[in-house]
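Below is the structure I would like to discuss, written out as C-alpha cells.
Per-chain residue numbering starts at 1, and chain names A, B, C and D are given in the order in which the chains are listed.
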Amino acid sequence: MAESRLETVDMFINMGPQHPSTHGVFRMVLTIDGEQIVDMKPHIGYLHRGVEKLAEGLRYREVTVLLDRTDYLAALNNELPYVMALEKLLDVKVPERAEYIRVLVCELNRIASHLMFYGAFGADAGATTPFMYAFRDREEIQHFFEAVTGGRLMHNYFRVGGVRYDLPEDWRERLTKLIPHLRKGIVDCERLLSDNEIFLNRTIGVGQISAADAIDYGLTGPNLRACGVRLDLRRDQPYSVYPKLEFDVPTRSRGDCYDRYLLRVEEMRQSLRIVEQCLEQMPDGPSLGEVPRVIRPKEGEVYVGTENPRGEYGIYLVSRGGDYPYRVKVRAPSFCNLMALNEMMRGCYIADCVLILGSIDIVLGEVDR
Amino acid sequence: MPEWVESIIRVAIAIGFVLTTVLVLIWLERKVIGHIQQRLGPMRTGFHGFLQSPADAVKLLVKEDIIPAAADRWAFQLAPALVFVPIFLTVVSIPFTRTLVVRNLDLGLFYVFAISSISIVGIVMAGWASGNKYALLGSVRAGAQMVSYEIPLVFSILGVAMVAGSLNLETIVDAQRGLWYIVLQPVGMFIFLVASLAELNRTPFDIPVAESEVVGGPYVEYSGIRWGVFFLSEYANTFIISALAAVVFLAGWRGPLLPGWLWFLIKTYAIILIIFWFRATLPRLRIDQLMTFAWKLLLPLAFVNLLITGLYLVYDWPRWILFVASVAVLAVASRLVYVVGRA
Amino acid sequence: MTEEHSAHSVHTAPKKEPGPSLFPEMERLVAEVLSGIEVTSEQVVDEHAIIIDRKDLLAVCRRLKDNQRLSFDLLRCVSVVDYPNESVFQAVYHLYSIGLKHRMAVKTGIPYDDAIVDSVTSVWAGADWHEREAAELLGVEFRGHPNLRPLLLPDDFEGHPLRKSFKVPELDQARFRRGRE
Amino acid sequence: MNVPLVLFWVFGAASLTAGLLVVTSKNIAHAAFYLLFALVGVAVLFLLMAADFLALVQFLIYGGAIVVLLLFALMLTRIREGPVIVGNSQKPLAIVAGLALLALLLSVVFVTPWPKPATEAIQRIEVPVIGESLFTDWLFPFEIVSLVLLVALIGAIVIARSGDD
C-alpha cells in the first residue's frame, strides 16, 4: 500500500467465443477503460473445418455440399460461383430457364439473409421485436425453398449445367403470394427501426469507415456500398441473366452502422424487383443442360466471383485433370470484411462494438471455412 | 391482538399479494409481448399458458444453486436478499384504497424512494461478488445508472408534494379530488415514468443487464432460486413503481362507479402495460447517452417544473396556467432534444 | 533473395500451353506499365494473368495499383497452391479495379526450399488475413507481414494441412472406398 | 419489556458489530458492505427515536448513494490487485485519532443535560419544522455547506476531465 495514487486500471474482457452477440463462435479480446474500448484483438478459427482441404478429396459434383456450409445463411449464393467456375472449365452451356431459376432462388436467398441480418441487428441494438418480424418473413421464403430444392437451409441444388430439379408445378402461385407478403414485411421492418430516435442515436456515426480504407481492406458488398462505392458484381462483371434484369445498385455515403443497415433494407427491395422480373420472364425449357456423365475438366484454372449477400464470394478452382479438384480456394466475403473491424472500432463503447460487429453481418461459417 | 402482531399479518398479506401479482405480471408480459411480436407466447401450461409462471417458479426452486468458484460466497449469497427485502418493504406504504394499506405513513412518498434505494447496493454487490467481468461491468453500469436516475425521480415527485402540500400518499390522493395530477404535473409524470424505467432497468434502459452486451450483467452467474429472487424483485418493483405512479398522478383509487381497489388496479395495470409496450418496441440506449439524458435533460427539466410549480403556489395562479405552462415546457423540451439530437 | 534463385527466374507451376492472348488490350497495357520487369503472360479462361518472379512482386503490385489506366485498387483474393511435383508453391493474386471494372491475376512461384515471398500488406491492407491463412495452412512465409501469427487452427496444431503431402486419413479412405465400387 | 426497547438493543448491537467489522475486515469490499449495515442500523435507531425524516435521509443518502459510490470507486480502481488490505502504516495515527474522538463524544455525553427518562413522550419532529429551521436558524451553515458541496462538485469534474485531451 505504499502507492496510494488513485488510478483506473484497464480491464481485459473476452467477448466470445460464447457470447450472444458474436454471431457464432467468434472471440474478441477487448481492452477496456471503463466502458470505452482501448484495443481489440479478433480471434477466429473456432469453426474451421478445412473446407478447402476436404474439397480436394471430393469429386467435382460433391463440392457444393461443402460450400453450402460456408455461408449457411446464403447457401444457394455460394453454390453459384462454384458451378459457374466448373462450367467455364468444362465449357458447358446452361439453358436459359436454369439461369433464371438460379437468379430467382439466389435473390430470394439474399432477402432471407438480409432479413436475418435485420433481426440480429435489432437484437444487438436491444430491440426484441425485429427478430420476430424478420423470422416471420424468412420462414415464408424457406417454405418456398423447401418446395423448390427440398431443403430449408442446406440446398445442394445447383448442378453443372443447370439446377437439380425444375421448379414445382405450383411455383407461380406460391411466388405471387410470397412477393406481396415480403413487400409488406419489409415495410413493417422499416417502420419498426429506421426512424426510431434511439436507434438513430445508436447507429449514426458509429463504426464509420472511409471509402478509401474500405477498399484498402478489401471490403465488398453492402459494407462497401454503404461507404459510397458502387461496386456490385451483378452489374460490373455481369453473369448469368443479370444483364437482362432491371435493378438499382443503392449506395449510401457515410459508411456507418446506420448506412449499412439502411442499405440492406433497400437491397431487399431491389432483390424483390429481380424476383418479380424472374417470375414474369421465366422461359420454358430444360432446367439442366447437356453435361458429360463424368465430370473431368481438362487442366486449367479459373476464378469466379459473384455478388453474395455479404459481398464478393469467389471461387478459385484449379484442375489438373482427374475426378477431383486440385485446389478450391474460397474467397469468403465475411473473412475479408472482418479485417476492417479494428478500423471501425477505434475508440467506441462496448455497446457500439456489438452493433458494429452486427452491422458487418458476418457468418462465421465462411470466415473460418 | 397487539398492534405489532396485526402489523405483521398485514405485511404478510401484502407480500403474498405482491408475490401473486408478480406471477401474473410475468405471464402477462410474455403474452403481451408475444402478441405484439405476432406470436402466441406460452400456450401449453394451463389455459393460454396461465400456469407457466407457477411452473417456472417450481423449476427455479428445484434447480441447483450454483456458486462459482471465483465468487465471493458471503456477498454472493447475501446479495439477492439485499435486493429483495427493500423492495418488499416499500409495499408497506402503498395505499390500494383508503383502508387497504398496511400502514399509512406521513412520509409515505419519501419512504418508498429511501427504502428502495438500498436495493442498488444489492445489485452492485451481486455483480462484484460473482467474480465475473461481465457481472462487474453490469453492476458498475447499474450503480451509475440507478444513482443518476434517482435524482430526477425524486425531483419529479417533489412537484406533486408541493401542490398537495404533503408526502402522505393518502393525502395526495385526496388532494386529487376533481383533478388528477397528471393534468397539473405532466412534466413530473413524464420524468417519473422515464426515470423509473431506468430505475427498473427496463427497456430502453436495460443497459446493466443488456443481453447482447454484458449477457445479463450482475445476474449472469446466478441460477436457481437466487436468480429467481432477482427476477421476482424486478417484477415486484415494476408493480410498485406503477402503483406509485397510479396513486400519485392518477388519483389512486378514485373513480366513478367501480369499487376503489378495481380503479387502483386498472390504473396500475395501464401503466404496467405501457412499460411492456416500450419493451416490445424500443432498442436500447448506450450508457453515455443514458447519462446525458439524465443529467442534461431530465434534471434541468425537473428543475424547471419545480420552478413553475413554485411560482404557481406563490402567486396563486389559476390551475389552467400551471397546466398550459407544463405542457409548453414539455413541448419545448422535446423539440430541443430533437434539434440537438440531429445537430 | 539469393542469386541462385533468381537464376531460374520464374519458379512456376506446370506451364500452360502458350497461345494467342485472349485479352490483347490488357496484355499490352500491363506490359507497358510493367516495362523493365520480366513478365510472362498466361492463358486463363476469362482473365489476363501474368507470371512474375517473386523478387518483383512488390514493385509489380505497386505499379498495378498506382497506375491510372490500371488502378487495381481491390485485392480480391490471395491463393497459394501447392505443386509438389515441381517442388513449388504458386501464389495467385486476383486483382480488380473498381473504377475501371477490369480484372487480372498476378502469379508468382515460391520454391519449396526457400518458401518466402514478400507480403503485399503494404500495398493492400486487405492481404493481411489471406497471407496469415496461407502461412498457416501451407507454410509459406510472408516477409514484411506485420503479424504472421496463426489464424485458424488450434494453437497446438502441427503441420500445414493444405499441402498435398498432408494426408487426411478419412479422406483417403473415402476415395479408396469409392474407387473400388 | 416493550417492542421498541427490544428493537433498540437488537439494532444497536447490530450496527455496533457491523461498525467493528468495517474496521477489522481485511477485504475492502466487505468493509463497504458492513458499512451499509452499520448505517442502516443507525437509520433504524433514528426511526425508533421518532426522527422519521432523518432515518429516511440516512437510508437514501448513506445507504443508497454513499455506499454505492464507495463500491463504485473500489471496482474501478483496484481490479488487478484484488480488494485486499495488505497492511496499514497509519494504524498508530488512527488509534490516536479514534481515542481523541471517543474522549470528545464521552465528554459530550456527560456534559449534556439529558431529560429525565420517561417523564415525557418523545416529540415527533415534523418535516415542515425541519424545513423552517433549516431556512431560518441554520440558514448560514446551510448555505456554507451547499457552497462546499458545489466546490467539491467542480473539483470532481476538473479531476475527471483532466485526462481527456
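FYI, a residue touches a chain if its C-beta (ideal position, glycine included) is under 8 Å from a C-beta of that chain, and two chains touch if they have at least 3 such contacts.
Just so you know, these numbers come straight off a predicted model, no measurement behind them.
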{"item": "Chain C and chain A - chains in contact with each", "value": "none"}
{"item": "Chain occupying the most central position, where position means C-alpha average", "value": "A"}
{"item": "Computed distance of Cα centres, chain B from chain A, in Å", "value": "42"}
{"item": "Approximate Å spacing (C-alpha centroids) for the pair chain B, chain C", "value": "63"}
{"item": "Chain centre separation (chain B, chain D; CA means) in Å", "value": "27"}
{"item": "Geometric centre distance via CA averages, chain D-chain C, whole Å", "value": "72"}
{"item": "Junction residues of chain D - those touching two or more other chains", "value": "76, 79"}
{"item": "Residue list for chain C, restricted to those that touch at least two other chains", "value": "none"}
{"item": "Per-residue multi-chain contacts in chain B, two or more chains", "value": "140"}
{"item": "Complex interface listing, chain C residues touching chain A", "value": "14, 16, 44-47, 73-77, 79, 81-82, 92, 94, 96, 98, 101, 103, 105, 124-130, 137, 151-154, 161-162, 166, 168, 171-172, 174-175"}
{"item": "Complex interface listing, chain D residues touching chain B", "value": "3, 27, 29-30, 33, 36, 40, 52-53, 56-57, 59-60, 63-65, 67-69, 71-72, 75-76, 79, 126-127"}
{"item": "Parts of chain B lying in touch with chain D, wherever the complex brings them together", "value": "4, 72, 74-75, 78, 105-107, 110-111, 113-115, 117-118, 120-121, 124-125, 128, 136, 139-140, 143-144, 146-147, 150, 167"}
{"item": "Residue numbers on chain B that touch chain A, as the complex places them", "value": "33, 36-39, 133-134, 137, 140-141, 203-204, 206-207, 210-215, 279-289, 338, 341"}
{"item": "Residue numbers on chain A that touch chain B, as the complex places them", "value": "11-13, 19-21, 34-35, 122-129, 132-133, 136, 192-193, 196-202, 349-352, 354"}
